[in-house]
Amino acid sequence: MNSDSGEKATRREPLGPGRSERQQLWYEVIFEHDTPAGRTFDLVLLIVIVVSVIAVMLESVTSLQSRWGTYFYFVEWAITALFTFEFLARLSCVNRPWRYVFSFFGMVDLISLLPSFLSLFVRGTQALATIRTLRLLRVFRILKLARHVREAQGLLRALSRTWPKITVFISVIVCTIIILGTVMYLVEADAKSGFDNIPVSVYWAIVTMTTVGYGDIAPVTPLGKTIAALVMLLGYAIIIVPTGLFSAEMITQRAGLPPRPCRVCGHQTFEVGAKYCTLCGAELNPS
Amino acid sequence: MNSDSGEKATRREPLGPGRSERQQLWYEVIFEHDTPAGRTFDLVLLIVIVVSVIAVMLESVTSLQSRWGTYFYFVEWAITALFTFEFLARLSCVNRPWRYVFSFFGMVDLISLLPSFLSLFVRGTQALATIRTLRLLRVFRILKLARHVREAQGLLRALSRTWPKITVFISVIVCTIIILGTVMYLVEADAKSGFDNIPVSVYWAIVTMTTVGYGDIAPVTPLGKTIAALVMLLGYAIIIVPTGLFSAEMITQRAGLPPRPCRVCGHQTFEVGAKYCTLCGAELNPS
Amino acid sequence: MNSDSGEKATRREPLGPGRSERQQLWYEVIFEHDTPAGRTFDLVLLIVIVVSVIAVMLESVTSLQSRWGTYFYFVEWAITALFTFEFLARLSCVNRPWRYVFSFFGMVDLISLLPSFLSLFVRGTQALATIRTLRLLRVFRILKLARHVREAQGLLRALSRTWPKITVFISVIVCTIIILGTVMYLVEADAKSGFDNIPVSVYWAIVTMTTVGYGDIAPVTPLGKTIAALVMLLGYAIIIVPTGLFSAEMITQRAGLPPRPCRVCGHQTFEVGAKYCTLCGAELNPS
Amino acid sequence: MNSDSGEKATRREPLGPGRSERQQLWYEVIFEHDTPAGRTFDLVLLIVIVVSVIAVMLESVTSLQSRWGTYFYFVEWAITALFTFEFLARLSCVNRPWRYVFSFFGMVDLISLLPSFLSLFVRGTQALATIRTLRLLRVFRILKLARHVREAQGLLRALSRTWPKITVFISVIVCTIIILGTVMYLVEADAKSGFDNIPVSVYWAIVTMTTVGYGDIAPVTPLGKTIAALVMLLGYAIIIVPTGLFSAEMITQRAGLPPRPCRVCGHQTFEVGAKYCTLCGAELNPS
């Protein structure tokens, strides 16, 4: 159900036995990005997606809605009709429609259509149509971003390798936030400064440690302010650790990872251009 | 009094002379994480801890407390009873109970129980029961996070190596914050903008330099705003230094600096614990 | 239309066939930075630019404007006259005036003059005169910052190499921000807390994820606060990724990756532009 | 006038011709940190400094001042007398008093005394006595922080090497902030949202780009909010660049810098353990 399988569902059999020439034509326009027709289709699609998302966003502004409500209504349904037609067209010109439906982009297409139809039955779901933003991810496919995908994989690999360290880190932070929130609740309880209960105090601790600092809740007692200052310095210091970890991981990865394990002792040598295992001295790549 | 000693207190003598078979059974359920019974116990314990912390947090919300107060009371004491029983069970099935009590997790268990019992005598200590969050750290033990512990040690080693540089850094920052706070107090003294005394101004300086920026205290005079702008830029710049230091430390640590040059080919191997030169295979430190 | 072409337009032909000796004198004063006269001219010019920008800024303060309005008016036009004269002088002493006009610094000079003259016909454009700040970039030329330019190129190269990864990153962030904004709009719709429409909610999501946190819009419902806490933690986490990417890129660039292995000893030299192996002295790329 | 010269002024001649034995005794107590008497003196001094700074800070709190004003007055002058005596004692037991006065720590001592005596003549200067915080830097000397000083030098070297790149960066940022401030002033001029003049708008731009975000000035018009969102994203992105630069510099420095220039071609080879110049192939360190 990832982008790959979606691509495969459509690309592997460009002109299968059960596919007519008309299907093939549609296929080229909708799925391929090299022909002039395909490029035009992609561009028009992207513009429609952007227009659609902007329309949904502006529709939620009361003053605009009351003045141009009917236009929004029209645009909304015109685009929904267009997307529905496009989705059906996509289904009709691939050999295995169900496989496309359950591919990453198929699911995104489907989910993008739901809010509009849901709004016929349930009030307020219209706003959910901004989920269409996800369709913009289609731009990766259009730009042939194999490179981007590889980059993203590099990112995810670095993140997943850093994960154990970051888990330790997050566990400690979560405990710290809950305990600090409780302490502030006790300290500021009588000060009417917004620390009314522990959940709110924990929310304050998060707002403060991430250095967002709305100011809707702020300590007023001297002790509260002292603790708050410590929380801020802690939050400020904390960002350093994962940044350093992730930087180190990215550099290690770029400098020649993944490491090759020694066939004698299994040790993984991290150095670029290593010829002998650093632990047992065995040759790494005897030809 | 660290996690290791706690583990050792219990694990070293799995079936000592003075331990009955019943004790051994309890021991396996409570302390071991490999048997099905042990895993179930661990899972149940974690869930109870999470429920307990959430209950304490929600209890502090007045509206919830007034409606479901009796339920909270019941949950609170049921969990306290459960934790007390668990703690006693842990004590009863290890050979050296006192050693467990003074181990890291023993202390956490004990401290987690105190607030509930204290609340019988002193009002308001109930909220302190969120200290139970610390019990969640037990998750590290369950997940057999030898790996995590090693990661944490790597983190701490990098932090401790960066410490001298960071100490210099922090001393300078503390002096800067106090002096800037004083200057703002003098500049904004007559502006009724909240800089009422030096401690509050120092608090403002911390709020500003860490980029939290509540806005409860903000300069109003042109000179105050100018100084504040400088404080912000300073705080913004400052985060760079420790981040760079820590990143460099993590990378150096991973790369195994300082490198030892090979006496045969002169190549410097950067890996930690390297025994053989990665280029010529010569032994690095022949005794 | 970059700084180079601007330099070339003037510097290549120091005393062309059509240039009088007076022109040559002016040229030396205005364009060269080595002679005493040139240095004095540069210094005076920089001071006038700074004074000019400060004057435009202070002019916008109503209280100052009402008291010293006529002085500001005088300073404003005196400086405009000066800059106009300087621009014409620059044009008159280069051989190809049009080429200078369309060079980077020529465009900056021209654009810096426009607001003042525009203010004669259109009200309010006067404030645009702060565009003159751009003229301060001239300081790079005065300080002969070939080095700075090389540094800037290094920066841009690292940025452009990191770009594909950062694009992936930004696309995901934009989608996340729009969807989170919509969710908050739905959650906080009835709470009168400022989430009046989707564009404003998206604005709030940006304010929160970048950890700016004005506090003019802040969630009040428990669910809204919970989602907001997640948004903050996400924003806090997100800064790590591009920082790590860029750090890794800068280090890799400096280290000269990808390294080329020596064909004699197999050692990989990390330095940019390396011609000989650092270990055995063999030539790296014998043609 | 740095810490070194201060040390030298006192340490070089432990018992010069003009120094009596009593002077020598005082010298050991005040300036040396190895003898028991010296250590006790250092500790007492540090505690007095901390007490002194706290007293000055608390004195500024009106409620505390009105209740314990006389105590503060007493503590203030007692400590001032003590510091004056200590300063004179320091002067009396070194051979070249004037050299001590103009050393780094001598200047700090003198400046720390000024505010108290100034407060006899000018009102309000008392608060400036927090400048005494600077005396805490003396802790570096006590802890024999040769190591710290070396670390600080490493920091400064890395900062100064990164400086050219950071200068380019800062110039661009300053221009951006001034221009963005002006644009916001024009956009929000009629909205009564606090963007009353350009200096205030520039202040807002700094508050926003550094992600402090007080919220005392915040855009209210849709266009203003859109621009503000861009400013935030810009500020958020900007922190990445200097962090990456500085990290790279720290790592390069640690990995074996300063580089050794080749005696044949002058090229500086950055690689650890390099034996041959990477440019001309000449041997780097022929013995």
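Just so it is clear, A, B, C and D label the chains in written order, and each chain counts residues from 1 on its own.
Following the convention adopted for this analysis, a residue touches a chain if its C-beta (ideal position, glycine included) is under 8 Å from a C-beta of that chain, and two chains touch if they have at least 3 such contacts.
Since the model is a prediction, treat every value here as computed from it, not as a measurement.
Among the remaining chains, the Cα-based centre furthest from that of chain B is the centre of C.
Taking shared numbers over all numbers used, the chain C to chain D interface scores under half, which places it in the different class. If you match contact pairs by residue number, over half of those in A-C turn up again in just one of A-D, A-B or B-C, and that pair is A-B.
Looking at A-D and B-D, the interface holding more C-beta pairs in contact is that of B-D. Chain centres here are Cα means. That of chain B falls 30 Å from that of chain D.
Look at where the CA atoms of chain A average out and do the same for chain D: the two points lie 41 Å apart.
Among all residues of chain D, those that touch two or more other chains are 199, 202, 211-215, 239, 243, 247, 251, 273, 275. Residues 164-165, 167-169, 171-172, 174-175, 178-179, 181-182, 185-186, 189, 196-199, 202, 208, 211-215, 218, 222, 225-226, 228-229, 232-233, 235-237, 239-241, 243-245, 247-248, 251-252, 269-271, 273-283 of chain A touch chain B in their complex.
By the touch criterion stated above, chain D contacts chain A in their complex at residues 211-215, 243, 247, 251. Chain C meets chain D in the complex at residues 53, 56-58, 60-62, 124, 127-128, 130-131, 133-134, 136-137, 139-140, 145, 147-148, 151-152, 154-155, 158-159, 199-200, 203, 206-207, 210-216, 239, 242-243, 246-247, 249-251, 253-255, 269-271, 273-283.
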